[in-house]
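Worksheet for the structure shown next.
Chains here go by letter, A, B, C and D, matching the order in which they are written, and residues are numbered from 1 within each.
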Amino acid sequence: MGMVKDIFVGGWSLLAGMWVTIRRIYRPVVTVQYPRRYLEMSPSYRGHIEFKSFPETGTHNCVACGTCMRFCPTNVIKVQGEKIHTHSEKRASLYFIDFSHCSLCGLCVVNCPTQTLQFSDEYDMAHFSRWDGVVDLIRRLEESA
Amino acid sequence: MSLEDLREELSKVVDATDIFPRDYQKDGCVLEIRADADKIEAVAEATRDADFFLECITGLDFTNGPQVIYHFNAFSNLSRVLVRVQLARNQSLPTISSIYDAAIWYEREVFDLFGIHFDNHPDLRRILLPEDADFHPLLKDFGKVHAFRSTEEIYDEPDA
Amino acid sequence: MTNQMLEPITEQTYYLNMGPQHPSTHGVLRLFLKLDGEYIVEADPIIGYGHRGHEKMAESHLYEQFLPNSSRMDYLSGLLFNHGYVAAVEKMAGIEVPPRAEYIRVICAELNRISSHLLWFGTYIMDLGGFTPFLYCFDDRENILDILDHVSGSRLTYSYCRFGGVAKDLDDEFISATRQFIERLRSRWDDYHNLVTKNVIFIHRAKDVGVINRELALRFGCTGPILRGAGVAYDIRKAEPYSVYPELDFEIPTGTAGDALDRYMVRLQEMEQSLRIVEQALDRLPDGPIKAAVPHKVRPPKGDYYFAVESARGALGFYIVSDGTSYPYRLKARVPSYGNLQVLTDVLPGTLVADTISILGSIDIVVPEVDR
Amino acid sequence: MAAAWQKLVNFLGPDLTIIVVGLVGVLALVQVNALFLVWLERKVAAHIQLRIGPKEVGPFGILQTIVDGVKLVSKELITPRHVDRKLFMLAPIAIFLPVLVSFVVIPFSERLHIRDLNVGLLVIFAFSTFNVLAILMGGWASNNKYSLLGAVRSVAQNVAYEIPLLLSILSVLLWSNSLQMSVIVESQSNVWNVFWMPVAALIYLICATAETNRAPFDIPEAESELVAGFHTEYSGMRFALFFLAEYSNMLIVAAVATTLFFGGWKSPPFLGFLPVPGLIWFLLKTYILIFVVMWVRWTFPRLRFDQLMNFCWKIMIPLALFHLIVYAGIIKFIR
């Protein structure tokens, strides 16, 4: 008799499972049709880094101290600065990152003494060449301005 | 079996001076045992009889020879026991894989990464690295490391 | 499975390479199986295909620089690994973490644990041949990822915990989204139970399969849901309390027989317990700073330290030897899946190929975590 | 056109003409049906799983499978090195041919059947058994352990499930007193068999699912265990033939179920006033059954091999036997 009961209980459990799936057929789909609809990135989304523009100076505040370069675990940052004349502040003239090696840890942003780095919200970073992953931050800032 | 019993058991195996209590809050273990290479089997048997399991085996490399660290733990609160075996260069030590099955893989890992040989191990092959690798990467003379020190530079003599 | 199956009836055994590329080895694990018909005579898991040398990397990196590596060991519970590593270094360096940061860490870690368990749930049923629950779980998991994305800015490899605190403060949106998620997941249990837990086929596939009892777990050093499925209420969150877990009220679910079904039930109940933890932590979330003042380069004092946390798969330990500089002298990650995977050598012989999949799925390994 | 038709009939004779034209029609039907079913399967799966499924090619993605078919046709036919070449090439053909034959005797409507043999049902089951052989051929010839395991499982499974399958239809045969498909349908003029033999219908559907290797009985090709089972090594059009055969088999078992239990081309009892041709009713019932099979597939996990066998030998066969005895008594009593 136990076996007959097992069969009925088992059969009932299968029907219960089928009820769960059939109800889903008319539920709205959750897929987002990506190229047609873009999802909004969260406000704290961490893309590659970019320069923040400060209203006081109208440009970035990078003094090319190289802290970000030293803290980067994967050595993807290359920054060079120059002084316009002997007693002026040092300013970054070159700032490159190789995004293809970046692990997005954010140590550069956290440790930047002038707070001039921030995360961008760029996520369409698929490219055909590895060199396309190299981002020129200064040019990027100039273009966005 | 409580920690006190284990301590008693262990004192039969190793010198009482080689057993140091340690502060869990400070360094995560409650007991440290410094054993010689030939004692490790006896120590492992004592911990097994006390219902401890082998948490991990770690290799360390110092200028005065590598160390092998065994962490034993029990399914009860705050009972991690650290066993430290100091080896000379190229010295092998007996396996405890007949006592703990978990040691088979952990010892293979230590052999793989440090080249420390375990005697009588049933299956001492490389585990993480490919079979044809001819190096032991976690040795301090391999690759880029920040420092290569001796044990005295790191450990103060623990107060017994 | 009885042991008489272990005796080969004929000499005609053969070897089967399951993996490194196989639909249900969850990554690049290779199982070298000796088969007699469909019965397994010998099993040898071969690992290391994803070995990246994290422990070696640590020796040439600053303590801070190793932070992103930690979540890349186990990509499914990255925050738990993050938490473990950060807490270990904090303990060594004696950094006091503000209470709000601790609560935030616990909330995020538990959410991460749920997401890991949900993914396991889906993949386990998929291993057994049911594809649909997998996508239902992903639907729910997506919600967690969105929530964590909102606060940490990434979806899988969060480098969210920082020495002395966390990277970003929670906002009201996060809190309301989390509360909504708790409601939502609780309303889903019925469907999950009807679809899977009560399903007679599933019960047959999981019951009495891959029994790992206490003695076996002890010999192989298994931890986590495997151990709890065998009836041992051992959880690092209780046994070696860290962070704010002692202040929170939760239970350790345990099984009895230690078979795949028990492990399944333990994980499902753990998700519910994690929800409870998140709820309580949200209620008690104190105000205050989220990050203590920490020097740019942490320099822990000389000595060695072992710090364990409960990851989604078991006891995760970081054993760090410091030589007083800002670089770790040696960093060893004791990953739970390592011991959990090795137990296969003992459990698999005598089972069918189909059970292999069920057992492998039920112990929930993440191969990059084993390989490090 | 009419002249050409007359020429053909004169040349082949009326019987042969019907067979030739019918076979051409069946070939077309098999292709279209497989294309439709693959699309349907993907849509059903997608909507059960809260996804959309194919949608890009054609309206609702209905042309997606044609595109896939073109892709498969244009792919290289890889023959791995250590295979048994003759069997390897023969297996996809061997699995596909019996499918065509089975369609010959299926009555799509009152007048639309190619050949109304008096042993119609027997033909179908005789030929559907043939596909075990093809699977074994494919699995054995592939020289791949996964394929072999799949083939071995498949043989054991199909042989076992033939028994309750045939037992379950015996009670229908007792009632209709004939193996001829049209007679079986006619015998259900008053009440469909499914209403008074629900257990037989259930047994038939379960066994038919197992016969066609559909989930939850898809252990010969269990993807999470055996990668792809017996067709692991096949590529391109050879793989497509296996695929085609699977979906055509589904159509056959559903069509047979419709004929045996659901009144064939007859309209449902209370909808008899509708001016709907029998063919539509037939196809509608068939595809509803197929939908149920798909629905089951996307709901349940897979059984283990020994459980599958236990289920057959310990539950299905005794049940089918018991059912047969009971219904033999009932039918004897009614007549």
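Points worth noting:
Operating definition for what follows: a contact is a pair of C-beta atoms (placed from the backbone, for glycine too) under 8 Å apart; a residue touches a chain by one contact, two chains touch by 3 or more.
If you're wondering where the values come from, they're calculated on a predicted model, not measured in any experiment.
Ranked by number of C-beta pairs in contact, the top chain pair is B-C. Relative to chain D, the chain whose mean Cα position lies farthest away is B.
Centre-to-centre separation of chain A and chain B, using mean CA positions: 41 Å.
Between chain B and chain C, the centres computed from C-alpha atoms are 25 Å apart.
Centre-to-centre separation between chain C and chain D, using Cα means, comes to 44 Å. With centres taken as mean Cα positions, chain D sits 50 Å from chain A. Chain D has residues 48-51, 298-300 in contact with two or more other chains. Touching of two or more other chains is recorded for no residue of chain B. Among all residues of chain A, those that touch two or more other chains are 14, 17, 20-21, 24, 30.
The full set of touching chain pairs reads A-C, A-D, B-C, C-D.
Within the complex formed with chain C, the residues of chain A that make contact are 6, 9-11, 13-14, 16-17, 19-21, 24, 30, 42-46, 71-73, 103-107, 110-111, 119.
Against chain B, in their complex, chain C makes its touches with residues 47-48, 51, 53, 55-56, 59-60, 91, 217-221, 227, 232, 234, 238-240, 302-308, 315, 317, 319, 321-325, 327, 329-330, 332, 334, 338-339, 342, 345-346, 371-372. On chain C, the positions that touch chain A within their shared complex are 61-62, 64-69, 72, 132, 136, 139, 142, 146, 149-154, 157, 159, 162, 167-168, 191, 194-196, 198-201, 296. Those residues of chain C lying in contact with chain D across their complex are 14, 16, 22-24, 38, 125-132, 135-136, 139, 195-196, 199, 201-202, 204-205, 352-358.
Residues 7, 14, 17-18, 20-22, 24-31, 33 of chain A touch chain D in their complex.
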